[in-house]
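Here come two complexes built around chain A, the first alongside chain B, the second alongside chain C.
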Partner chain A sequence: MGRTLRALAVLVAAVLVACVPLVVTSPFYLQIYTFAGLNALVVVGLALLFGYAGQISLGHAAFVGIGAYTCAYCTVTLHLPWLVAIVAAGALSGAGGLILALPSLRLKGHYLAMATLGFGQLMSLVFVEAVGVTGGVNGRGGIPFPSLGPVVLRSAASLFWLVWAFVAVAVIVAYNLTSARPGRAMRAVHGSELGAQASGVDIVSVKVRTFVLSALLAGLSGALYAGVVGFVSPSSFTLTTSIGFVAMTVLGGSGSLTGPLAAAVLLTFVQYLDSLIPGLPQAAASKLQTYQQDIYGLAIVLVVVLAPRGLAGAWRRRRKGVGTA
Partner chain B sequence: MTELLQFLIAGLKNGAIYSLVALGFTMVYAATGAINFAQGQFFMLGGMLGAAFVGAGLPLPLAALAAVLATALIGAVFELVAVRPIGDGDPLRIIMVTIGGSVLFSQLALHVFGPDTRSLTTFTAGPSLKVLGAAVERQTIWIWCLTALAVAGLALLYRRTMFGRAMRATSLHRDAARLVGINARAMVTASFALAAALGAVAGLAVAPLTQTSFQVGSGVAVKGFAAAILGGLGDPAAAVAGGLVLGILESLTAGYIDPTYKDGVALIILLLVLFVRHQGLFGGSGREKV
Partner chain C sequence: MAAPSQGGGNGVSLLQIREVTKRFGGLTAVDAVSFDVFEGTIKAVIGPNGAGKSTLFNTLTGYDRPEAGSVRCDGRELVGRKPRDTVLIGVARTFQNTQLFDELTAAENVMVGCQAHQRRGFAAAMLRLPSSAREDRDARAEAGRLLRLIGIEEWLDTPAFDLPAGIRRLVEMARALATKPRLLLLDEPAAGLSAGETGELVRTLERVRDGGVTVVVVEHDMGLVMEVSDEIVVLDRGRKIAEGPPRMIQKDPAVIAAYLGEDSDDA
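Up next, the complex of A and B:
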């Protein structure tokens, strides 16, 4: 695909997404599409980390949680404006990412996966036990809608636009990173660390920056989530959530942004399949709920074993096949 | 004094369980260079299958044996189906597959056994024993004996049998092992089966004390992994030591500081070891090979 054609496709996709609230008027369905955007925001960061820096995180739900609780604390307890709260949320989760990444990325191998696993579990405990800030198991309610000065975004459509605007900005930033020098450096690190190092790439700093960016995006997603739902509790930020993000990233495929975005939307729909299929009987709906985790686990295993390049790889292969025929 | 002794006994009881799980991590790491995230699920399967077999009418010793063998078989099949196709590939891909596998095992147990917690009867009935004023439950003694037996058996296997030597050779240098005629792929399968069996023994031994359910796996996996990394990944003796140290630290924290922090101990140790001394307490050489 030529450069202009690609730009055109992206523009069309953006316009289509922006038009969703004009077609879908049910606030309930719109919220599901908003949740898809919240997951996509996290997955864009993880796609950079996985596909371009060759690392995985098993604790990104913790960064989402840090963002969500920061937003809740700033708006409810400190009565700060929403804009300040979301900046604080991004900064705090980014800082958390830095503290975690600096020591564990100095080491070769997959220590980051282990460190993020430990960090995620530790934060799960903190969310439950630090009752003064987080409200403990009961969580925190009464979080105000996002607002920009006097404008309060309370309709489902405006929240949808807000979240997907964040996704759009994240994708643009990520795309510019990957197509410019930092992206080439990231790909080089994934290809061969030694080779990249020999070519003058500071691999540790590339990996650390990628991780911090992904943590920051996760924090923003959490802060947005708090504003959209108005309530946060520890059960939203567990290992299961983190594994869900990993499933989306892996299914999407490495070295691509479109693939993981599509996978994030797809697997979010799986989560709400019971309510997305109209006229589904109650029994079948609850059956689907119990098999939700199976789909995540199966997606990871099947993609890693059979199609390590994920959705993006399958798409590329198909196009190549058509071209040579 | 009695109080301290009581805490130490509790710590060594949990520590023995962590040791067995940590040994499983160590074996798969030695064979593949990857962390097997499904290790905790083997612990879960041991307890759940044991309870199911007892429920089906088997006497306890037979049910326990069947559960260990079945879990070992599941471990071997998992390796053949999901890990072997990856070949000598990226450890990252093996890690990912075991993450997915871990989710699937836990879900499978949910679908087959249901969401309820299950329990086993203690292996021998009777009151606790008194040691210097501290109480030791009979099941705790079983846990220690089974752990000692497993460790001794493993040591014998590794040092005295041809099969064990082949496994050690494979973990030292896979290609060199192949050159002298060792079937390296089979050794990886064997390491998964053995790791699964160790996990199952741990899950069975502790089930009468703590109950078990389809979701106990990932919590135990984190503890066992913390123990393995505290000792120094890749060394069986260090894994056992790491498990016992972790158990004692947890128990002392719960006893003298606050039970709330008990589960945090393993996580903080895990992070501290990774950050400060990633070769573990007992690991020697330090820097990774380039």
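Up next, the complex of A and C:
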């Protein structure tokens, strides 16, 4: 695809996304699209971390949690403005990413997966036990809507635009990274750490920065989530949540941003199929929800077996096939 | 120690290897090896399988830490440094098992090598600052130049996983050159090349040397070794058994014995 054609495609996609609230007027349905954006924000970071740098994390729900609780604590308890809260949420989750980056410097593959999984479990325990900050199992309610100075974003449409504006900035930043030197360094670390060292790549710096950036994006997603829903509880930030993010990233394909982005939206919709498909029988809908985890699991298995490069890889192969035919 | 002989170049010793010993458990892979590499020359390190050639490379580039000995490049100690720091000092290498980045194209692989001396980082790239974009353009141009120098520019945009084995070695060599080394260590660059391609490699190595890069090459292809090297070091079971210009090495009884598998002089 030519450069102009690609720019045009991105522009069209952006306009289409921006127009969603004009078409979907029901606040309930619109919120599903907002949730898709929240997941997409996390998955953009994971695409960099896993799809480009090759570092697995089974604990990213913890960063979403850190962001959400930070936002809740800053706004409800400390009465700080929302803008301050979201900056604090990004900073704290980024700092958390720094901690999680440390094991990645020594561990690889399964061992890194275990370490990040342990971090996620540890944090979900903290969310339950640190009652003073998190409200324990009951969670925290009464979180105010996001506000920019005197403007309070309380309509479903404005929240949708806010979240997707964050997604847009994240995608631009991520795209700039991947198409320049840092992106090549990430893929070099993924391809061969020996070769990366021999090329003078600072592996420690690449891993740490990518972990921090992906944690920061997850934290922002959590902070936005707190503002959108107004309530946070530990059940939103479990291992299941983390695995959902990994499923989206893997289904999307490594070495791509658009693939994981599309997968994040698709797999978010799976949770709400009953609302999105008009006339879907109640029984079928409840079945789908019961087996949601199985659908995620099956998606991962099928991708790994049939299309290891994910949606993005399948798309590239199809285009290549057409081009050479 | 014996006075190192001089072979070609300007007679200045760039690399001094002194009494380097590396053990793995009970095995002494490199046993008190010493030699010099002179600036502007090509030196070959040869020896039967298991002689310690690759391990010697690893001790020069921070991948293996020797139990004893010292390695100086241009007066700076290499032992105890991390691999990346040896690159920044000016020592680049390739691997016996090529370590390319399979998902990247040949050109992008070489561009990663260019990063060693680039300054613009994460933030500049995120914001797509002009300085970052300029570095990218420079790296792309440099990658093209190096792949042309080595004669494989037709593979520029081919993903590394699609490259033939011999070409992979040459791309890795281009990537090593992209770090702007003073000393280039090549581990079996001719493996997987056809006879014609090996002849081309000889000329490429001479061009690299004449461009001011000193070369040390581990190689089994004796035709290439005899043709291209100014000096040869022979290792057998971790020890240096001979050193000198190709003509001398060919006639050396210890070398012949080692290659024919007879008992050499070790206890």
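One rule holds for everything that comes next: the second predicted complex is superposed on the first by the 317 of 325 C-alpha atoms of A that agree within 3 Å, B and C clash if a C-alpha of one lies under 4 Å from a C-alpha of the other, contacts with A are read in each partner's own complex, and residues count from 1 in each chain.
To be clear about the criterion, contacts are C-beta pairs under 8 Å (C-beta built on N, C-alpha and C of every residue); 3 or more make two chains touch, one makes a residue touch a chain.
Remember, predicted model here, so these are calculated numbers, not experimental data.
Once both complexes are superposed on chain A, the partners chain B and chain C fit side by side without clashing. Using the contact criterion defined above for the overlaid structures, shared-chain residue A:Val201 touches chain C, although it does not reach chain B. Once the two complexes are overlaid on the shared chain, A:Leu239 sits against chain B while remaining clear of chain C.
Once chain A of one complex is fitted onto chain A of the other, the partner contacts of A:Asn138 are absent, as it touches neither chain B nor chain C. In the superposition on chain A, A:Ser275 makes contact with neither chain B nor chain C.
Look at A:Ala115: by the touch rule set out above, it reaches chain B but stays clear of chain C. Between chain B and chain C, B contacts the larger number of chain A residues. Residue contacts after overlaying the shared chain place A:Ser155 against neither chain B nor chain C. When the two structures are aligned on the shared chain, A:Arg209 is found in touch with chain C, with no touch to chain B. The superposed three-chain arrangement places the nearest Cα atoms of chain B and chain C 7 Å from each other.
Residues common to the contacts of chain A with chain B and with chain C across the two structures: 194. Interface of chain A with chain B (complex): residues 54, 56, 58, 103-104, 107-111, 113-115, 117-119, 121-122, 125, 129, 194, 239, 243, 246-247, 250, 290-291, 293-294, 296-301, 304-306, 308. Interface of chain A with chain C (complex): residues 173, 176-177, 180-185, 187-188, 190-192, 194-203, 209, 254-255.
By the touch criterion stated above, chain C contacts chain A in their complex at residues 61-63, 82-84, 87-88, 92-95, 99-104, 108, 111-113, 115-118, 120-122, 125-128, 132-133, 135-136, 139, 160, 172, 175-176, 178-179.
Interface residues of chain B facing chain A in the complex, by the touch rule stated above, are 34-35, 82, 85-86, 91-93, 95-97, 99-104, 106-107, 110-111, 218, 222, 225-226, 229, 260, 263-264, 267-268, 270-271, 274-276, 278, 288, 290.
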